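In the two complexes below, chain A is the common chain; its partner is chain B in one and chain C in the other.
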Partner chain A sequence: MSTEVEIKSFIVRNFAPDVPPDQLEPDLNLLDSGVVDSLGLLRLIAWVGERFDIAVEEADISPDNFRSVDAIAAFVADARRNSEVAR
Partner chain B sequence: MRWNDDQQALHDAITELGDLLSENRAERDAAAVFPRANWDRVRATGLLGLPFPDRWGGLDQDLLTTMYVLEGLGHSCRDSGLSFSVSTHMVSVGVPLLRFGSAALKERYLPKVCDGSAIGAHAITEPDNGSDIMGMRTTAVRDGDEYVLTGGKTFVSNAPVADLFVVYARTGKAGSPNAITAFLVERDTPGLSVGTPIGKMGLRTSPFSEVSLDGCRVPATNRIGGEGAGFLVLDHVMKWEILCSFIINVGEMQHRLERCVEYATTREQFGQPIGSYQSVSNRIVDMKIAVETSRKWLYDTADKLQRGENVTTDIAIAKLTASEGNVSSALAAVQIFGGYGYTTEYGIEQGLRDAVGGTIYSGTSDVQRQRIARMLGI
Partner chain C sequence: MPSEAFLRTFSERVSSEPGAPALVQGDVLLTYGELAELAAAARAVVTGLGLPDGAAVCVPAAKSPAVIALVIGCLQAGRRVFLPSPDLGAEVLAELCERIGCAYLLEPGRPPRPTGAGPGPEWTGPGLLLATSGSTGLPKTVVLSESGVDGFLAWAADRFDIGPGTTVLNHAPLNFDLCLLDIWTTLHAGGRVVLVEQDKAANGTYLRDVCTRHPVDVVQAVPMFYRLLADANDAAGAAAFTGVKHVIFTGDAMPLNLLGRVPGLFPAARLWNVYGCTETNDTFLHEVDVAEAVARGALPIGRPIDGVTARIVDRSGAVVPHAGSGELEVDSPFRAHGYLDPELTARKWRDGFYRTGDLVTRDEHGLVFLAGRDDFHVKVRGVRTNLQEVEQVIQQHEDVAEAVVLAVPDEVAGHRLRAVVRRRPGSSLDSIRLRVHCAARLPKTAVPTAVEFVDRELPRTSTGKVDRRALNTTGERNRVVD
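After this line comes the complex of A and B, so read on.
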């Protein structure tokens, strides 16, 4: 499963159960549209950190990193690249 | 936990001050005045700069050491209001600045936070929006190089004596998690006014009041973190607030437990020490369980946080455990001391009044339960 698909299915399962995953636009602003509220954001951050093995320090700097499926996927890719470089 | 000699020395420096900080506690509690002279005594120990780097005058200690010293403060100091003001000062301004502030903001303000020459406070709660933080109505509107802040905050601890405020205001769509931004505002900024202290049940030597923002112009350079990052700034600050203020409560609970053991073994009724009655000793056992459980949760959560792990659920459990444990331990102590526990002279009733606030600030018990439920996917 690609990162985008995995992120989409987590969001749909947890925050928008009525939406078929393929209908969730990857650039939809999840925060401003009300799909993900403040506690939802904390849950999303925790899941991303755990699922993709990203340190929370990096993850909690900006909610912008979590505003859409695209943004989260880009954030995950960046964090993975950085941890490769660090190794 | 095992502490090394340096950590022990920092801990002892504050506990040695405890008796002095506790003098005339009942009178100060009744008068509800901030103990400025004792604040200066705490300042002189360097405690206020514990978790901050030495380049800004801090003691460069990690979170766990900071908590250990604060636990010592709670154990030795009977003025819980003063201890609460100390932790509020440390976490409200210094913690967000250190983590999210620009280099210039750190350079300008952290030295004053570390030496306590400027007292810190944070303004989040509003008269109509407490638990519902995301519904806050105070706005910050960008105007060139400034933001204009308009609205009203309440229950701001330290506000009547504070010099620096971190104000959280709305910069985006109401309800959105990226709609809030944090600003550092100096007390004498035109448009910021501080109300008179609001009378309260406990923690009476730690004054709180309203803070009004009436077209208050703040330089954009005083923004802490990015625009819209305020909710996550606050989340980070709340973790520190919970760990630092409730470890003080653990010290207080430990002290209360020791007093109850002493009392139960010396106070006699029906020809026997009251501790020989199981209903009394069981209360003391429950107090012991509450303090040990709270201590474990707080240090374990701090350790995880320090290792970069996600503690969103842990922090809520730690807060619930410690705040509710403190209230039940304080109520048990009143009962163990009987009529004496109810008098102001013994200070046991003050412990109960002081403890209740902990189930409200930093997110009420209901809100913590809601948070845990959401993390479980409910």
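After this line comes the complex of A and C, so read on.
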């Protein structure tokens, strides 16, 4: 499963279970649309950290990184690149 | 912000102590002198618009030092400022600007944006207009009064020892009346406000960092804040906030299991339970004794604040003289003028008393306890939300045949909203599109967390109303979504 598909699956499973994952627009603003609320955002951040093995120092993360499927996928890709550089 | 007296005190403070800290947010710190400079620049922009006398302006309340300076500048220019939630949908915002007569929308660092609104009422003098949830799908505009605000600022500073050198934490969004205490009273009194960044207000780790970096003397927040902070502190094994002197619970009923954790967080603080609403500001106050509340099994809202008159009215409309239950009505020196809509004002105020819609019980000692609300009002993350308003908005969607919105109790949020919706035949409306529709027309807290689609007609009571109770008990089993 690609990162994007996996992110979509998590979001619909948790926040919109009636919607098939492939129908979730990758650029939909999840926060402005009310699909993910402020408490949901914390769950989403925690899941991304755990699933993709990224140290999400909560206080440093901008909600902007989680505004859409595209943004989350970019955040994950960035974090992976950075960890490879670090090695 | 809110009055001539505030502006006078503010300028005096700027002259006498320009280097004193006024606002802190993240790495930004503004002194009173710097805040005044920003406000003066904003004032020049507003004056340059050449608006007719008495015209209001709109400042979306995206909380930041720059926005607070902008509000002060508008008030210094003699303007009435409409301060809506920055999340308000575009259509609703346009409608409210039209009614209030805000021809311009102002944001820091951007040129004033014309709204297309025509002239509205002619306002006299500076002041604030706030919006609160209504039952018609459109928020109600609350017109704050100068004497009410002045009276409140003086009371709050005295009660919670806010003065020069005091630091107060602000957790509420800038469009909430709660800011009259934590932001505007503090600036009026010459203290320092630590502003929580709004998009991180539900992040316990962040809240703990803020309180650790900027030791505060006074904290006012909804119960959710205390739960997030207590959880974050426990998880980190962190030390208590020993410097906090006053801790104020507001906005929603404080759960007793959470209350029991508060003294561990703030061991040196006096604890207060405050009751109020945008229309009247704070009207009841109770100094909390945790052991007593736990023993009693309930936390009272206490007694009326000095100057406030409260009465309890039973179902027949008779005033309950001593102990008893009924709807709480309050007359307060801190009250707003009323709503922008005089008909609505006449409905909600009865000979000076505001009908709160809250059901209360008064015991034989005169202590008042909240017993619930009428069926349609709940608190979601501390925000008063009218279920009928959300239903109205959902029903405006062309694919919706009928809808009901239920409040589900939630440990962290207070309540979550669950919408049960029957679509028109052939519709492929889904929960995401419905929430996008709601988000364009409602504050974010009013967008349902869960949407369930049903194919059958909603159950009705014998009087033809949707049977909310039946849906509440069977809804979870009848989930159509997964």
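By our rule, the second predicted complex is superposed on the first by the 84 of 87 C-alpha atoms of A that agree within 3 Å, B and C clash if a C-alpha of one lies under 4 Å from a C-alpha of the other, contacts with A are read in each partner's own complex, and residues count from 1 in each chain.
Heads up, the rule we're going with is that contacts are C-beta pairs under 8 Å (C-beta built on N, C-alpha and C of every residue); 3 or more make two chains touch, one makes a residue touch a chain.
Bear in mind that the values here come from a model prediction, so they are computed numbers and not experimental data.
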First (chain B), second (chain C), both or neither touched by A:Leu42: both
Partner chain in contact with A:Arg67 - chain B first, chain C second, else both or neither: first
Chain B versus chain C as contact partner of A:Ser2, first or second or both or neither: neither
Contacts of A:Gln23 with chain B and chain C, given as first, second, both or neither: second
Chain B versus chain C as contact partner of A:Asn14, first or second or both or neither: first
Touched partner set for A:Glu50, first chain B, second chain C, both or neither: first
Residues of chain A that lie at the interface with chain B and also at the interface with chain C: 32, 34, 37-42, 62-63
For the chain A and chain C complex, residues of the former touching the latter: 16-19, 23-24, 28, 32-35, 37-42, 58-59, 62-63
Complex contact set, residues of chain A against chain B: 14, 31-32, 34, 36-43, 45-46, 49-50, 55-57, 60-64, 67
Residues of chain B touching chain A in the complex: 100, 133-134, 172-173, 175-179, 225-226, 228-229, 231-232, 235-236, 308-310, 312-313, 370-371, 374-375, 377
Residue numbers on chain C that touch chain A, as the complex places them: 87, 199-203, 205-206, 209, 381, 412-413, 430-432, 435-436, 438-439, 444-445, 447-449, 451, 453, 480-482
